[in-house]
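Listed next: structures, encoded as structure tokens.
Two complexes follow with subunit A in common, the first pairing it with subunit B and the second with subunit C.
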Partner chain A sequence: MISLNRASLRYGPILGLSPTSFELPDGGGITGLLGPNGAGKSSLLQLLSGLLPPSGGEVRVFGEAPFRNPAVLARLGLVPEGDRLPTGLRADRWLRMMGELSGLSGEALNAAVASALATVGMADRAHLTFTRMSKGMRQRIRLAQALMHGPELLILDEPFNGLDPEARLTLMALLRSLAEKGTRILVSSHILGEIAQLTDRILLLFRGRLLAEGSVTEIRQLLDRHPVELRLTGEAQVLARWAVEQPELAALRVEDGAVVISVRSPREILPRLQKAAAEGGIPLQALDPLDLNLDAVFQYLTKDHA
Partner chain B sequence: MSTAIPTPLATIRATARGYLPRVFQGRGWVLAALVMVPVGLSLLIYTVAQIKGAGDSHPHPGEVLKIFHEVLVKMMLPIMALVAAPAGIREDMEQRTLALMLVRPAPVWALPLGKGLPWFFWGAAWLVLGTLGLQVIGGDPALLPGRLVALVSAWWGELALMTLVGLFFKRGTLWGALYFFLWEPLVRIFPPILQRLTFTHHIESLAGSRAAEVGTSQLLAQEQVSTHPALACLALLAFGVLCWALAGWKLHRTPLGLAGSEAEG
Partner chain C sequence: MPIYAPTLPPAPDLHQGQPPFLVLMRFDFTRLWRQKIGRFFSFGFLLLLLVKVGWIYVKFLLQTNPALKGVEELARTVISQGPEFQAKLLDPATYLLWFLVALVGGGLVARDTLYRVRPLMYAHPVSPKDYLLAKLGFASLLPFLVLLPFAILPWLLSLLLAGLHGPVWATVPLRLLPAMAISSALMGSLAVGASSMAATPRAGIGWVLGLVLGSSTLASMIHGLTGITAVDALNPIMLAETWPQLLVGMDHPLVAWLPAVLGTAFHISLWTFVAARRTRPSEAVI
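Right, the complex of A and B next:
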């Protein structure tokens, strides 16, 4: 569905995106595009949505270059960052225009507008002008305009910004539901928790470079030299004695009566730990991985490339 | 859902209809006032004079000629273009909402015209109304059709020009103002070939020259040339079409991102 071959983007002398290559397969699913502000997320999304042509390399969406390509644009929807909408217009009329610009007409257009408004929960407030809408309402309308023509690829740039917790959950549920129905969704965020809640498949960008691609676990496995922290709760002295004998141990400290160990290759040490605990060799009461989450992966990767 | 690629005509129609409500808001009424305030004031003065039975209350074609050429053509028409054009496609660029239209399969080149048409028709309606209002004061009925065609076709050309300038320059309004208020007045001293490169020349060819009315301080430095009215009208309309086409081409060719600024493609 999406393929980048050393695609790059420059804004004059500034490099927005270094030569980047990756592919996303056909079919539904959610892919998170993760990176801090200025990482190149919006640049990448602008290349994919056909707003900008690559400065170098090649971008293919549905097998074609997307820039000013109606055949590609008819099949994708974009929700850009922010809540900007044209001033002085009513939401329902503006959506009708957007539908017509997407090639809808007649009954299909009426149905699409009604369906998109219902999907985002704005059917009863669509007669309002944008200036009278809250940020969250405008965000929903922006989502509706991207959904109304039934895109196969939905691109969302920081869609959770400015949404209250309830609206976030609603949007996440909606995105999951669309993905289950076969829509490929690419969603960017600089907040790790949002992406982690939404999907396990991520593209990690930093300073215009694609650092990693895959699931959180897969990316974690790329980082063998970065130890994983495990918190072992039990009799600290005995646990520490057992831990220092392990060849994978990188560091050890005692915190609040628990032993926190940093180990390389956790997949090797964990079975031994479980076996020792099961056989009564160590008094282990609880085992918590401290940093096997997206935040830790993100910090490790970005620290390396800073 | 199956969608068809919108035709250019469907794109223009959809955009014009979608943005039509904008002309009924503040900027649209400013546009109306630009035409109707001078005409309305003239009407008021004329009516008051008539009620008081003043000696000069009779219809005055010379006054009409002055208001038409000095106020409407020379001042209000350019200001209308300078006010309306930024509300066209330039507005979406500055509000950063253009991306929402550019990611549609509709032909991008048709968007400037689609957004400009409501402003053109709105402005044209007021110009027609204003010109008709001048007839009450005593405009020459024989000159009325020429004046109407001159104002509407010049409005078409000037609005298109300002839209184009707004797409080429960040400070399009400034460049437009310089053109209208520095270049156009030079028509009085231009040689014939350069006179034809002004709106004023074509408007006067259509609406009738005011040369007979100029005072000694306004003597022409060069011989005033005239173009056949049909050709002048065609020139204004064709110039407008050319500007809309160039604006469409510029928008189509320019990679405009989410920030509304260009990237190096």
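Right, the complex of A and C next:
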């Protein structure tokens, strides 16, 4: 569905996106585009949504270059960053106009507006003006405009910014349901937790470069130089004795009723740990990875590339 | 049993509506009509139109009613029926029109900039040309449509009352409609160019007024200092007023033919160029 081959973007002398290559397969699913402010997320989304041509390399969406390509634009929906919409306008009238811009008219337009409003849960409030809507409601209307023409690819730039927790959860549930129905969703954020809650497939950008691609675990496995912290709960002394015999051990500390070990190559030590626990060699009650989360991955990767 | 990946329902049939620039133009017109400012100016221009039409009727009475024979001579000296009268059919609507263009046109592009609407539009099958065409079309068609009754209704009334010998020339539409089209294009391009440089609708209004009044003042100053009358062609207010005068064949129009053509071409091309640059997708950052 999406393929980038050393695609880069320059804003005059400033490099917005370094030569980047990756592919996203056809079919539904959510991919998170993660990175701090200025990482190049919006640049990448602008390339994919056909707003700008790449300065170098090649961008393909549905097998074609998306820049000013109506055939591609008709198959994708974009929800840019921000929640502001022209004041004084009624949401349904604005949606109709946006639907017409996609080439809908007559009954097809009526049906598309009604369906999009129902999908985002705004069918009964679409007659309100944008001034009278909350941020969450406006965000849902922005999402509705991107859904009206039945896009196969939905691109959202920082959609959770400024939303309260309830609106955030509602939007996440909505995106998950769209993905389950077959829409490929690309969502950017600089908040690690948001992406982690939404998807396991991540593109990690930092300073205009694609640092990593894959699930959190996959990305974490790339980081052999950074030991993984595991908390082994059980009889601490016995567990510590077993741990110090392992060649992958980098550090160890004893806590109350548990041992926290730092190990390199967790893929090698984990089967041995499992075997020892199964055979009763160690009194293991629980095993918790402490830094197999997105925050840790992000910190490690950005520290390496800073 | 194999598990299949979910598939999307068939997409709705696209490519069946109007071209994007027409959709955008229609949206701007209906939006203006629903706003208070649209109704206010409609009322204002309607009043002006009634006065104009009433004036034609008064002239007709002066010419035909024997009881008014006594004041006819006086009326002839006060109210010219020559080219000047024909050109002035559009006055003072043209002046009020500048305010309408500033108030409405000033926010035309600036509003989309403020609310980041352009990236949304460009992510649909809408090209920057469509967008620019829609904005220029709206900003130019608006003054043209407002002026249209001022040229047509007095002409119709004159024809009905006095046939070909009425106070309004029978050929007036042929002369005034092209003049209105040129003046409207001038107003529209200036408004869209100014609006594209502004970050908010209010700033857009300021930009339009600033450009119109600023270039008028500049032209007047240079004219005053150098005595070169052709410099008045930089003044958009004067240009808009000149075109009806030129096309009805007034002996002493405000600006002569060549400077008027050059000045109008300069303004239209400059402000269209500015608007085109400022509404490129690269300006519509997301």
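Keep in mind that, in the parts below, the second predicted complex is superposed on the first by the 304 of 306 C-alpha atoms of A that agree within 3 Å, B and C clash if a C-alpha of one lies under 4 Å from a C-alpha of the other, contacts with A are read in each partner's own complex, and residues count from 1 in each chain.
What we mean here is this: a contact is a pair of C-beta atoms (placed from the backbone, for glycine too) under 8 Å apart; a residue touches a chain by one contact, two chains touch by 3 or more.
The structure displayed is predicted, hence computed values, not measured ones.
Participant: Are subunit B and subunit C a fit on subunit A, or do they clash, once the structures share the same frame?
Facilitator: clash
Participant: Once the shared chain is lined up, is A:D157 touching subunit B (first), subunit C (second), both, or neither of them?
Facilitator: both
Participant: Name the contact category of A:Q46: first (subunit B only), second (subunit C only), both, or neither.
Facilitator: both
Participant: Regarding the shared-chain residue A:G27, is it in contact with subunit B (first), subunit C (second), both, or neither?
Facilitator: So A:G27 only meets subunit C here.
Participant: By the touch definition at the top of the document, which applies to A:R168: first (subunit B), second (subunit C), both, or neither?
Facilitator: In the superposition, A:R168 contacts neither subunit B nor subunit C.
Participant: Considering only the touch criterion stated at the top, classify A:S55 as touching first (subunit B), second (subunit C), both, or neither.
Facilitator: Only subunit B is touched by A:S55; subunit C is not.
Participant: Mind working out whether A:H190 is in touch with subunit B, subunit C, both or neither, as first, second, both or neither?
Facilitator: In the superposition, A:H190 touches no partner, neither subunit B nor subunit C.
Participant: So, A:L9: does it touch subunit B (first), subunit C (second), both, or neither?
Facilitator: The first partner, subunit B, only.
Participant: Who does A:A108 touch here: subunit B (first), subunit C (second), both, or neither?
Facilitator: The answer is both, since A:A108 touches subunit B and subunit C.
Participant: Determine, under the contact definition given at the top, whether A:R140 touches first (subunit B), second (subunit C), both, or neither.
Facilitator: A:R140: touches no partner chain.
Participant: Share the list of subunit A residues that count as touching for subunit B in one structure and for subunit C in the other.
Facilitator: After superposing on chain A, subunit A residues 11, 42, 46, 49-52, 68, 70, 73-74, 76-78, 80-82, 84-86, 88-89, 97-98, 100-105, 108, 112, 142, 145, 149-150, 157 contact both subunit B and subunit C.
Participant: If we count contacts the way the header does, which residues on subunit A are in touch with subunit B in the complex?
Facilitator: Residue positions touching the partner: 9-12, 16, 42, 46, 49-55, 67-68, 70-71, 73-74, 76-78, 80-82, 84-90, 93-94, 96-98, 100-105, 108, 112, 142, 145, 149-150, 157.
Participant: Under the stated contact criterion, what part of subunit C meets subunit A in this complex?
Facilitator: 5-18, 20, 23-24, 27, 31, 35, 111-112, 114-117, 119-127, 281-282, 284-286
Participant: Can you check the complex and tell me which residues of subunit B touch subunit A?
Facilitator: 1, 3-6, 10-11, 13-15, 17-19, 21-22, 25, 91-92, 95-97, 99-108, 252, 255-258, 261, 263-265
Participant: Of all residues in subunit A, which touch subunit C in the complex?
Facilitator: Residues 11, 27-28, 42, 45-46, 49-52, 68, 70, 73-78, 80-82, 84-86, 88-89, 97-98, 100-106, 108-109, 111-112, 142, 145-146, 148-152, 155, 157, 180-183.
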